[in-house]
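Below are structures written as structure tokens.
Each of the next two complexes has chain A plus one other chain: chain B in the first, chain C in the second.
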Partner chain A sequence: MSDTLSAPAGATRTGAAAPARAARSPMRFLKPLLLLALLALLLVLPLYVEEFWLRTGFAVAGAIVGAIGLNLLVGTTGQLSLAHAFFLAVGAVSYTFISGESGGLGTRAVLRGLGLPPIVGMVVGVLLAGLAGLLFSPIAARLRGIYLGVASLGLVFIGVHVLNTWTPVTGGFNGRSVPEFSLFGFSFGNDDPQLFVLGVPFREAERLWYLGLVLALAAYVFARNLLRSRPGRALQTLRDSEVAASVMGVNVQAYKARVFLVSSMYAGLSGVMYALSIGSIAPESFGLTVSILYLAMIVLGGLGSVAGAALGAAFVTALPLVFQQFADVLPLVSSPGEGGIAAGIAARYLFGAAVILVVLFEPGGLAGFANRFRRRGRAPGRGSPSASPASAADRPTDTDPSDPPAQGSSTR
Partner chain B sequence: MTQFLSLLLNGISLGAIYALIALGFVIIFKASEVVSFTHGSLLLLGAYSIARLSEPLGFLPAVLVGVLITAFAAFLVERLIINRLRGAPVISLAIVTIGVDIILLTELIRQIGPDILNVPHPWGGDSVRIGGVGISENRLIAMGVAGILIVAFFVAFKYSSWGVAMRASAEDGEAAALMGIRQGRVSALAWIVAGVLAAVAALFLVGAPTPGVSAAAYTVALRAFPAAILGGLDSTGGALVGGLLIGITEAMAAGYQEQLSFLGRGFGEVAPYVVMIIVLLVRPSGLFGTKELTRV
Partner chain C sequence: MSAAAPGSTRDTTRDDVPPVEVDGVSVAFGAIKALNDVSFTVAPGSIHAVIGPNGAGKSTLFNVLSGVYRATSGEVRFGDAVLSSMRPFQIAGVGVARAFQNIALSGAQTVAENLMLGRHHLTKAGFLSSGLRLPRATREGRVHGERIREIAEFLDLGDKLHTPVGVLSYGDQKRVEVARALCIEPRLLLLDEPVAGMNAQETERMAGAIREIRAALGISVILVEHDMGMVMSLADRVTVLDFGRRIADGTPAQVQSDPEVIRAYLGSGTETDPAEAAAAHTTDATGSPA
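Moving on, here comes the complex of A and B:
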């Protein structure tokens, strides 16, 4: 568990070391300026772009939160989990149940709901998802590597079964609609209050855009700080070698439990955001496919890199939607019902191929690719194209354990 | 009592099919340290090719060609992808097989569409009674074929040079390589054998109690994962026991649905996973898996 996965360690490490190096380059001023410009652009975007892009943006924000959470678990700590869809479901269902109203609209069965304010639903949803993660962590802590991957697979199927069965809460097979979000009386729906900014009507899509922006940004900053802190370092050591970690005084079981807690809380928030963006929840939205797509996101973005997870999430979430939107323009892709390849399917082919190519050729993912590019730009002498495949030489710190038997996580 | 026996028999026959899939899973893991998430879609590929080819070719040739196609697909995956990643972390290898799975499964589901393809088994959907216990002929034949294949496999695994080579490289890859065992060839053969086993399992999995080949066959195939994990990922005998255990559990949970109604409809489909998690809680490496030792 050291060769390929050590690449993301390099990615995060260079990320952390960047300020020191940047001090010697013009990037020092450029980088914050660029970030500010990007933020400003994102802030004014609702004034100019269509509703479709804003809705896509909110879906992407939700996926970013989820992907960052999964990346903490899989990329940073090296615990393969296919259960992410389950924790998403816990968040989404809790939110719907707590903030939804009782009564059965459209379905035969009577739905129950607590009717509490949506913010309570969101917070409790996140907490419950975290609790579910914490409950699963004793199992997870006992299992190593691939056993955990398959055991977590079981959780997804059990989750879908519960979603199908527990009709009063989840809406059963047909699912149920999700209450609109509101914050201290300000609704994130289409009206109430009517809102115009510079003559542009701010309806649901615009309002949710800002909500997504704030939540995704918070998730990003939290994860980034976590990785640079002592616990973050502990988690990375855990991935590279459990034995080394415990020798260094890292409580392996406790840290595994905590990372499961944090990761599933991220998933819970992401689930709430997913529910808000779709407007309804159904069992099929939380199946194995979702877990696999999240895995694809973090692999494409770069295991262990927070920015990479965000990039991967944006790519995987937006691609099918964009394909759908431009189905008549793109070659080969078509809208459903016509000949050719449907948008979602075309996107799947791309993800699958991209995952394979990334693992084969660029284990650092998009983040690794960007890092390599940046390094080459800064030090033209060192980063000649012929030297770039051996970029491991640029990372003197993450050497493999010299003594193979000491690799606690190897499966022999 | 009759119901119990009937469920037991059906469970064992289902378990025999699972055991075939799980066995392929385990030998891939032993030979190349890969947990193949591609296995579900390989199985679906087998079922699909048999169903599609049986009209132009006839049943038996279609089965043969279907098995060959599946084995060849497994071989390709090994040669083109897995072989290049020798020595990579287990998680990377698992993820790359997930990538393959996404592509293969998407294509197969697109081809199958919403239809249910019919496989014209010559034995049809009839069932037979053995001492008052009913079982479909398909499942009965499945049990026989699976039994023969499994015995043949174990004999080959024990005595053939391939089996010896594979056990040696599973025991200690480097030492085996130094002894002149070609790891690449061992691994490729393991994938081919797993492909064959998956295709044979597919042939019976889409028979009698199941209506035919549909995308749902993939979900069924996934239940071989708990079977393999339950027995221990690196234990061939464990795959057999795990397969039977999962098959019986599923049949029982489905059969006693009335009594288990508080767990919800369709609990049988989830029961394998529940059993797996419980077993893993007690024995983290499965029933017969090698315990992971950490030497410092």
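Moving on, here comes the complex of A and C:
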């Protein structure tokens, strides 16, 4: 028996220590296999697909990192933040300034840069975004839900103003170009060194694809681990009831501050990746619309679900790009300046409709939708094969938690 | 259900359980006094019931004990710890656990995850070590997972550990609420109406569980309850509140025959102005938190 403290009586009372997970065993083998197959597919993709899809993939990877970070804050903890664009900007500008070279910009202003290795720029960009989050976290820790949303709104406007006016660092309203990424002398540009894999030239798009894959995967795994452990449980309880969380020993203010810090660091990394993906930064890339788009990602994907955030990010980021690419094939969608609906606008109509549909029919988002299918494929008595038929009948058909009070008696 | 469980031989109080001293506690919300100079002492290892009509201030008292409300004046001591000047998470840290009246569990999480939250102050894994799955974080989770299982089985929840709380029946959820409080490894357990809404059979089962908890762990239990039969059979001592004031304090037998108590519960017929009493009743209904 336990050595932590005196054991409660009757710890051995119930003989039925149910082998609760047995029913999931076929799924257990299948899932890692599917994931491995998906990973292998993503790894060999640059050998087969065009540059457009790889560039889209990197943009999606960057958005996935940002959306996972925002979902930790909004979906898991229930803290609304509209400042995500601001933290993206901190990451992007820091990277550009730290790793960029000083140089001319027209005749009047001169850009400055530190010219440090890009990996330093990336790490410091993440740290500075974290620092910005830390500075704001005393406010974040004391506010809740929509109030934090309104308070964080101010940061976006400050960010855009600074981007427009601090020309030596940000390039002003024209923006500035972003230095190529490189790692220990290996450039993620088009050549230097020239690279061929199985006869396929590996240029910037191919190289960035792998960078995005690694970073998005790391962000995903970290968040997954976090949610399944002690801090994750504390954050989820905090969302459901702050009073309950604090009475159970969770320092609510400290946890709100910490999750805000983590979220802003995710945003910082996402900002660096965004800058690399576009190749330049400009004030309009970090406006309120971006914050809203990130909220759309996590609502579409499923609040509180890491996989959902990734799905939502992929959908919201890739759709306008795909529309643009195939404007001549798609009905109603046109290339810029041709009349009809521009690709970006068409994509936004679709997000709008999708968000409304999700909120109405599947509040769990894309992740909830996927879960629904997975549950259908499984035996109904998930997780309790040894439970009595009565307890199986107790279980409602959907996930609605409301249950008439008198049913508990039938479980034994 | 056999009451005599193996291991329930420990009928003595743990020696690290101090008395709870509630000393002249008042809580005011604006002009309304939800608690007015309430004092009583909970002997170590006893089951102490707090009863009273609706709006008597029972839940307010619990909120003061667990740090959710600040006392306007007075003090609550638990050994060396002055609970009335601590924040809720610090109170959990000295071994005071509370089970909520209106279930405050996370419905989407499984029973095991909800119980693990009770181990929060006993574990250390932070954001970084959890996110990176450092060995110490996983080891910690495993060790405490075993204890969780014991506590769940003790409350007949062993086969529901991996079920989301939201789909459990009401009675089961109430027991998860108590189990989660036990997972704190408390020295003082606060139970806020643990059998509210339960049928007779479930009530009997919960009463048995509370007796066993006290017997096996030797901890103090403070109980707010409306079910008089349960209170009288379970409690060692009873404190009666009415309109925020303590009107009686004693053994169940003493309290039952106390004329003040009978008047509070049944009315005395000498009440001259019923309208005034009704008004006082409605303004005093501050005792229920979210």
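The criterion applied here is as follows: the second predicted complex is superposed on the first by the 350 of 412 C-alpha atoms of A that agree within 3 Å, B and C clash if a C-alpha of one lies under 4 Å from a C-alpha of the other, contacts with A are read in each partner's own complex, and residues count from 1 in each chain.
Here is the rule we use: a residue touches a chain if its C-beta (ideal position, glycine included) is under 8 Å from a C-beta of that chain, and two chains touch if they have at least 3 such contacts.
Computed from a predicted structure; not experimentally measured.
Within the superposed three-chain model, A:F222 lies in touch with chain C and out of touch with chain B [touch as defined at top].
By the touch criterion defined above, A:M248 reaches chain C but does not reach chain B. Applying the stated contact rule after C-alpha superposition, one finds that A:I139 touches chain B and leaves chain C untouched. Once the two complexes are overlaid on the shared chain, A:T237 sits against chain C while remaining clear of chain B.
When the two complexes are overlaid on their common chain A, residue A:V262 makes contact with chain C while staying clear of chain B.
Shared contact residues of chain A, touching chain B in one structure and chain C in the other: 1-2, 4-5, 243, 247, 405-406, 408, 411-412. Contacts from chain B toward chain A in the complex involve residues 33, 35, 81, 84-85, 87-92, 94-96, 98-103, 106-107, 110, 222, 225-226, 228-229, 233, 263-267, 269-270, 272-274, 276-277, 280-281, 284-286, 292, 294-296. Residues of chain A that touch chain C in their complex: 1-2, 4-14, 16-18, 20-21, 222-223, 225-226, 229-234, 236-237, 239-241, 243-252, 258, 262, 304, 383-384, 386-387, 394-396, 399-401, 403-412. By the touch rule above, chain C contacts chain A in their complex via residues 2, 5-8, 10, 14, 66-68, 87-89, 91-93, 97-98, 100, 104-109, 113-114, 116-123, 125-127, 130-133, 137, 140-141, 143-144, 146-147, 149-151, 153-154, 156, 158-174, 180, 182, 184-185, 197-199, 201-202, 212-213, 215-218, 289-290.
Within the complex formed with chain B, the residues of chain A that make contact are 1-5, 74, 78, 80, 138-139, 142-147, 149-151, 153-155, 157-158, 161-162, 164-166, 242-243, 247, 288, 292, 295-296, 299, 341-342, 345, 348-349, 351-356, 359-360, 363, 405-406, 408, 411-412.
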